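Each structure below appears as structure tokens.
Next come two complexes, and both contain chain A; in the first it sits with chain B, in the second with chain C.
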Partner chain A sequence: MNTSATALGSGPKVVMRRPTLVLSGLLSAVSAMLMGSMLAIWLDFRSKAPLRESSDGSMMLRDWLPENIKIPEVATNTMMMTFVITCVMAQWAVYSSRRNDPKHTSLALGVVLLTEIALINAQVAVYLQMDIAVRDGSYMMMFYAVTATMLTMIVICMGFTLLALFRSIGGRAGDRDLVSAHALYCYAIAVIFAAVWFVVYVQK
Partner chain B sequence: MTAIDSSSSTAISHTTTAGSMTTKSTFLGTIAAYLMATDHTRIGRLLISFSAIFAIGAAAEGALLGAERISSSSSLVDAGILVQLFSAFRFDLIFAVGAPLMLGIAVAIVPMQIGARSLAFARGAQFGFYLWLFGVVLVGTSYLNNGGPGGGNADMVDLFLVGLGLVIAGLTVISASIATTVLTSRRAGMTLMEAPIFSWSALIASLSLIFTLPVMAGALIFVAVDHTYERATFGATQGVNAWIGWAFTAPQIFIIAIPTLGILAQIVATMTRGKQPLRAGLFVGVGLMSVTVIGSVTQSSFSANFSGGLSEIAKSLIPFLFFNAFSILGVLVVLGLCLLALKNEKAKPTAPFVPAFLGVGMVLTGMVGNAAHKISNFGLVNTVFEEAVLVYICYGVLLSSLGAIAHFGPRIWGREIPSAAVVGLGLLGFVATVLASLPYFIAGFADQPSGVADGFNYSGPAWLWNSLVAAGHSLMALVVLLSVALATKSFRSGKVSTATSADLYESVNG
Partner chain C sequence: MFSTGFKYFFGVTVLSVVALVMSVALFKNLALIGVAITFLIAAGALLTGLAIITSDGTTRDANVQTSDMTTQSLWPLVTGIGTVFLALGLVTSSIVFFGGVVVLLAALSEWMIQAWSERASSDASHNAEARKRLLNPIEFPVLAALGLGVVIFAFSRIMLTVDKSTGAVLFIVVGTLVLVAGTLFAIKPNMKRSVGAAICALGAIGIIAGGVASAVSGEREELVLAAEEGHFTHKECGPEESKYFDKLKEETLSLRSAVSATIIYQDGELIANIQGLNKPQKSITVPRSNATNIIFRNATEGEFRLVVDLGKPKTEDKDSHHDVDCTQLIETGGEQSLTLNIPKSSSADNSYKLFIAGAEDKQIEVVVP
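After this line comes the complex of A and B, so read on.
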């Protein structure tokens, strides 16, 4: 028997189907479920708050948001707009990455990083302008819990952006999987923030 | 099918050592390799090993609680720590044993089954293991120092909440790693429908955990912030159970039992040595069990009430059936298809089938018991009936994992566990499970209250039911101990396995 030809050929190549993108999708699902759960509890508490007369006596309001608290809507609306810019820039990074354009990929990711810093700055401004303490009551405690969780998600996204940016600057501009995964998480937290913005800052 | 064994540990553990220096070096090297492992079999083994250790502890807690309830004058346990003991028993069974055990088996087996070189984000899974382990240690420390839900030491309650958060984070990370592996790392040409049934069940269980654990985390954040700063809105210490208690009961606990269906179907499929009839039906059956996710996420518990008019009965019956019957239907579909496959004349019985089949049987009994618990005419709410449901599910998971380790173990270690021992331990585990839970099904109908050890009185031999439960838990602790000892001995110096991939993995194409 001729043994020289018995070696088997190599097996089929294992195809990795964009694992980073899938993981980012799962992370987005985790973030959405986490914030969904918190907003559901928030809405439950708000719906059970007792009724009180409005200051002009014209209508009955839920006694949920303490009367002396003013939500700085300029800062919160700016945050919402900033998230839109973040998403556009993240998509620009994907677009540039697909065209093997490292300069534009890095520039786009750099702008995303800046917008994320701006988001954190705006959230701190909201805290300073509202000037409430976490121990002051139910609303305040829950407000800090929800917004701090949102802030944590933004910080996680910032870490993701930094990772993508370092790799892009380091010459891996063609790492489309990571840049796409980063963009997906940016979209996810933008949608999550939209829910927080509507429930906590608009509907109050 | 192609299966790549990426384990290098077999070679390490079989290395013969000539001198003491070499032995020491190999031992330390092995420890270091385990601590920093990125090999999926090692991460899986770490999860399985620690879960088994915690299983012995959980069974001992169950035995202690059963013994404490034998007589109202009994004082085995200080009355002040009974609340912690009841809570610790639940936590251990679900988050220290059931969930990590199933995920550990999935981590070890799934990459080999789908032909992946490694687990996707293996370092993430290892990080998840440490998060989980550190969380369990923190929770245990909290319980031992008057913490936990209803605990008297506020700092220790905070520690409990932090520990539980770490446990949730760890299990979520491991689940994400498993789900990503099945979704992205299958060998070329293998569609999701061609993936082995155990891998499919691991995917479904992982996704179910990914969708439900963050919901628990959301409530946990509120409770933790409230407990640290305000202690009013969420009821301080007493509110912990009210807000996160749903995660310690059905239907959430059904999620950890999803892989038991995959284990049974996998074993049966390899026993029959042919194509599994109605293979798609198995996938549907496993998927049906994940309907419990809806009940968990919405934290809805719908009861059926058979008194009143027909429209009122129908109104309570429809949501009751949706939230309870679908998952039972899933188990019945898988069981039915497995029995159908066994009609194949080529079917060759194997020892792992016994514990795996009995495990699924116990899970099914627990699920049917949960449905009965939700029928308000029976008046079983707040009785020990609910505790029996928990024990049936979690001990069913333990039995099933014994079958999985006996079935898949040779593929990891290259050696096999003696068949007679596997069958014997399976039967012993079955007796232990029935003893630890069935008496509380009966005592539930006699209105023995849950969560209390004395102050109850009902017509019937209360001492007998509680004694049997204590004996059942003790027996289960013994079964787990023997299983660990047997597996350790067999995989180190047992009979070398002659099994081939065809013996261990199902045939997709017949």
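After this line comes the complex of A and C, so read on.
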């Protein structure tokens, strides 16, 4: 009697190629679509707002931004410039990582972290200077919805930076995939913020 | 040369560009659609670039075996749809949200098991069998329940659209067709599978198409009027006969347990017979915030209804009408029950009473301690 059983060979081992970069790309696409749809609704609301005369009576304006609200443009423009620095530093981290230079990788990621803290600080300053409440009207509600979503993206990026920095300091010098993925997300939220900055803070 | 992911995202990007160009040409207000499509183009272009750089994130070239063993899967797409439902549900309705949760969990489970089965062994047919053995006992009942639900829903739409007499005929016709099809399957067990599948598919398509067409055309006029007027949602407590509320009235009671009082309209007088008291009463006591059953019996010639005045509702409007509840119009000798549930105690400013519609002077006080 034959008691032996036929054994099948094990299946192939799946080895992903640059999974962190792919994940970062997907996260960037999702963030872009989320913010894109919010800005689209923002612009739609603005275009449908009723007309009112300007304070000097010389022209008709869309009654979207309440007259008593002043946007602190210094802080918002500083945020835009800070994002440029963030992107440059993130790219420096990629450059250093490719050359197996953990010191400069860590330094660059540290500066990125610093700029992200500065961005959060600037956003909080904008909230404090504007001093508006969420329930005061549709503008206020949408303002907080858009900017708080942007703030959340910055916080996520900060978490990403902390992770990359921790691994870099821990000696993972060849962790290029993670650093590249981090840079990709930084670029993505910089572009997204540029759109928010233009629509919410410049065009208002 | 070009990976599947690249082709897909490139196609999405190109189509988005075409959509944007068409939007610019066709629409005046581009605020909503223009910005949304622009961001879609950006996201599509980003993912196209990533698909090129990472070759769809797989090791297709490095490990030929992997691409041989893996099959194309629908579940990532379904997972994405579930996630969208989840997000939409947060701002629309709980049904969409919970639908998203169900879709997401189902798709993730399917996806994980498919991924596991593709690496179960080096034999693709064994792997497919492993997947089937694990998932088919769950998939088939769920799919059957879903299919049945769709057919029932579609048929309900049809029945709400066609008029009552046509509905009856339709029921007979569809029932006959189902019977004929069932008989055919029974007497010809060796019938080709394709013929059986075609009969089932035709039937399902017919019902679903009919359901969709009916849902688009809307419910029949009398149902629309009923929904607008809401005569199934409130009682009409006047002395006159109500067209809807008094339809098919019940005048005999089968269940007489837990009755607090029997209110009788006798010889033009309204009296209350309360258990434990020999004489008829002109007031009854009802516990607060408790369901209390009373029976109304009409012992006077004619049709009458018993109405309970529940005072003014909690509103700032001083001119608001009193809340009332009532029985249907009851013929002589008939009786009907009424359940009272009064959440607030009675007082000088807030009194409750039972009376006969059209004869408000015939009343019984309702005391709520």
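Throughout what follows, the second predicted complex is superposed on the first by the 189 of 204 C-alpha atoms of A that agree within 3 Å, B and C clash if a C-alpha of one lies under 4 Å from a C-alpha of the other, contacts with A are read in each partner's own complex, and residues count from 1 in each chain.
Keep in mind that, in the parts below, a residue touches a chain if its C-beta (ideal position, glycine included) is under 8 Å from a C-beta of that chain, and two chains touch if they have at least 3 such contacts.
Nothing here was measured: the structure is a model prediction, and the numbers come from that model.
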Which of chain B and chain C A:A188 touches, first, second, both or neither: second
First, second, both or neither for A:P19, with chain B first and chain C second: both
Which of chain B and chain C A:G171 touches, first, second, both or neither: neither
Which of chain B and chain C A:G57 touches, first, second, both or neither: neither
Contacts of A:M35 with chain B and chain C, given as first, second, both or neither: both
First, second, both or neither for A:S47, with chain B first and chain C second: second
Chain C-contacting residues of chain A that also contact chain B: 11-19, 22, 26, 29-30, 33, 35-37, 40-41
Partner chain A, residues of chain B touching it in the complex: 2, 115-117, 120-121, 172, 176, 179-180, 183-189, 210-219, 221-222, 225-226, 229-230, 232-233, 297
Interfacial residue positions of chain A with respect to chain B in the complex: 11-19, 22-23, 26-27, 29-31, 33-38, 40-41, 45, 134-135, 137-138, 141-142, 144-145, 149
Residue ranges of chain C in contact with chain A within the complex: 29, 31-36, 38-40, 42-44, 46-47, 50, 53-55, 57-59, 62-63, 65-66, 68-69, 118-123, 126-127
Complex contact set, residues of chain A against chain C: 8-19, 21-22, 25-26, 28-30, 32-33, 35-37, 39-41, 43-44, 46-47, 188, 191, 195
